[in-house]
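In the two complexes that follow, chain A is the common piece, with chain B as its partner first and chain C second.
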Partner chain A sequence: MFNLTDLHLDALSEVFNIGAGRAAASLSEIVGEEVKLSVPSVEIRRSEELNVQALQLEQSHFGIVKQQFSGTFSAEASLLFSEESALEIMRDMMGSQMSVEELAEFEQEAMCELGNIILNACLSAMADMLVIQLESSLPTYTVYSADEVIQNIVDLEDQVYILILHINLEIERRQVNGRLIFLFSSGSLSSLRTKIDSFLQNI
Partner chain B sequence: MSTETSDVCSLLIVDDSRVSRMMIRAFVLDKHPNWVITEASSGNEALTVVDQKHFDYCTMDINMPGILGTDAAEQILVKHPHLRIAIFSANIQEVLRTRAADLGAQFVAKPVTEKSVNIAISFFKAGRV
Partner chain C sequence: MNISTVTPTEIDWSQLFNALNIGLILVDSNGEILLWNEWISKHSGINYLSAINQPLELVFPEKLPAPFVAAIKRCINTKLPVVLSNALHKYPLPLYSPQKSDEKLSQSVILNPIKDNQGNWNCLIQVTDSSASIKREKMLRDHSETHKKDATTDPLTGIYNRRFFDSHYKIEMNQAMRQKTTLSLLMLDIDFFKNYNDHYGHPAGDAAIIAVATCIRTTMKRSSDMVARYGGEEFIVLLPNSTPAAAQMLAENIRSAVEDLKIPHLNSLIAKHMTVSIGVSSFLPGMVVDATTFLKNTDLALYAAKQKGRNQVQFLPL
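Right, the complex of A and B next:
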């Protein structure tokens, strides 16, 4: 009923690639080098189908930047990187002169900023293309185990649909994989679908 | 609708996104309803198609499964130097703009909109004598 067709997913995938392109341009200005950021796949699942395998979470701990989006529809967006990758990206962003202690102090702030750039670039690309308005809350950063990531999603009562994007980020010759996860209620997913339909009808 | 010209030209649209291909096609046909349009969903497919048919123009995405659009464009231009290629890219960093310019192609920042397609069309037409 709320299933998205291949064409819906194709449209979303294009939206997220444009978002990733904008985010990469912003990140590139921070690190002063080319940043490669791509979203090779987009899929949608129900929350009860979710497990560590479905998300392909190979590492044990993840740094997660979370933001709430509201407007035409609402969603909770989470950007996941393995904890080690998160620290490495941060070191690249902050410069390599910092000691481990200093890095730990800035971890929260730097990861929120990274998440903020990527999530807002994706959401603003979506808002522009679908001609909708979305507002975002301030980002929060938490470190969770893979099981906690899943449990937090499965425990939610309203957010039953999950849009999963695989993210490849290459920054300063370092390649890291992440996941971008959007949690939608069935009502919000239905609104998103309607917006994609009107976008497709206008082509 | 702003139909401009009656010239029949052939355009190859290369993009792995069906939605992007549909949008480029729609914006082009809006201005040039008699252009003949062919679509390819990868750089590799584009390389095959350009050897089978004559094309005047090409729009090329960069990030696609298989070879990169910029690499496909480079190979196509070696064999078909008359072809005018507009590289449509979501990656808007300077390095990609420079790469397009080095190839003699026009860099066009995605998303696909009437405005971005018009940039490509102007580039195509500027090459016609």
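Right, the complex of A and C next:
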């Protein structure tokens, strides 16, 4: 039995799409091109149910930007893009004259920035609309295989719920899909639910 | 700021900030400067007294980049830390190297939300000089490019080697299968090359191989096509999105171009000049064939071209 109902997930989807809109505006300003960002679906799972199929990501390696946040509730937020699309996004953002090889070294910091913009926008939209306080660590960037991604999550003992956001990012007519994953302890998830409940009552 | 073992009376904080080898600026929610350390003074040419309590945007002689100004606002509004990468923001602040005053400093910037004792939110701007790491990375990149080139090219002809072809072929083949597109292969062999080597000697043989490689390369039209030296006197050409007809036409162009080189070949049993035999094969959309079978079929096409008298193109459907 999941802790969040479809109604809760719909409300979160609305919140995150507002965040995605803000992130797209920030990215457009940096890139000087129209950037579109949306969150077509939000789902919740328990960590033991998580596998590569559940993430619906076929690629073998991922670039992951991670931030820990705390406050009214705490969670770990990770943004995943396939390594290939991460590089393609970076190439589009920095101007197409660079080769994928050349980009490799800029990748880390620039991916941190891209992830930071998207994560912060989603976190702050959540903070604003659910009226909560959130603090966050600085982002870190790592490259993991699909199995490592799953294993790292399954290995966690106290973080049992996973909120999965499907992310569509479009830069220069190129469309890439990513995932934003929030890891919640059951305590944090129930605080989140309480906050969504009061948000829904106030609509 | 909270360092529990040291009380503010024991240490002069400004001394500490000024000793840091990174730039620190603290601005309040109106953008006014509350802290401006020595590093920033040194790299901006603007001293503490002219900067403190002034709006950040008016302190510098030039306009600050809009994404940087927006990021500071976002940091204070969302109370979340912000990363500004050097790749996307080369010069967020107009800072210069203290040694070379005309050289703008490459920077990486981190913004942190900081709450003061009255509960107001400020933004701490941390600036690091990234020019040294950029220089180092550029050097590493140059080195790795040299190595990569060595590993993928054939030293004699300068075209790709077999190793590069093998990996590139697999990628192209997977892509053709996934995207249901056409992919054509040409396999090419110099006719009676052993006889040529025996008669003219190895240096002349090498020169002939270079001449044929150059001839193939100049006859190919599209940048997506690639040619590799596959064996001693054997070449392979990979043609993405090329129909059987187009591939055969290119093969015929290569064959006649080599013939037109008029490289004397007295020991050829079929002509007075150097000639080539070419096998052509095409992978068509929707086919279910593995990469090895496709390659073998092209080799069979080449075999047929030789069997039928050499100096010709033979196409063998998959």
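Operating definition for what follows: the second predicted complex is superposed on the first by the 195 of 203 C-alpha atoms of A that agree within 3 Å, B and C clash if a C-alpha of one lies under 4 Å from a C-alpha of the other, contacts with A are read in each partner's own complex, and residues count from 1 in each chain.
Please note the rule applied: a contact is a pair of C-beta atoms (placed from the backbone, for glycine too) under 8 Å apart; a residue touches a chain by one contact, two chains touch by 3 or more.
Bear in mind that the values here come from a model prediction, so they are computed numbers and not experimental data.
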Open item on the list: Taking the superposition on A as described, I'd like to know which of chain B and chain C A:Ile132 touches: first, second, both or neither.
Closed with: neither
- [ ] Using the touch definition from the top, say if A:Ala24 reaches chain B (first), chain C (second), both or neither.
- [x] first
TODO: Scan A:Asn120 for contacts with chain B and chain C and give back first, second, both or neither.
DONE: second
TODO: Check whether A:Val176 is in contact with chain B, with chain C, with both or with neither, and answer first, second, both or neither.
DONE: neither
TODO: Go through the superposed model and pick first if A:Asp10 touches only chain B, second if only chain C, both, or neither.
DONE: first
Task: Which of chain B and chain C A:Leu156 touches, first, second, both or neither - done: neither
Open item on the list: Considering only the defined contacts, which chain A positions touch chain C in the complex?
Closed with: 26, 29-31, 90, 93-94, 101-102, 105-106, 109-110, 112-113, 116-117, 120, 123-124, 127, 133-139
TODO: Flag every residue of chain B that touches chain A in the complex, lowest number first.
DONE: 17-20, 22-23, 26, 63, 89-93, 95, 110-111
Task: Of chain C, residues touching chain A in the complex - done: 66-67, 70-71, 74, 77-89, 108, 110, 112, 137, 140-141, 145, 148
Open item on the list: Give the list of chain A residues in touch with chain B in this complex.
Closed with: 7, 10-11, 13-14, 17-18, 20-22, 24-25, 28, 34-38, 125, 128-129, 200, 203
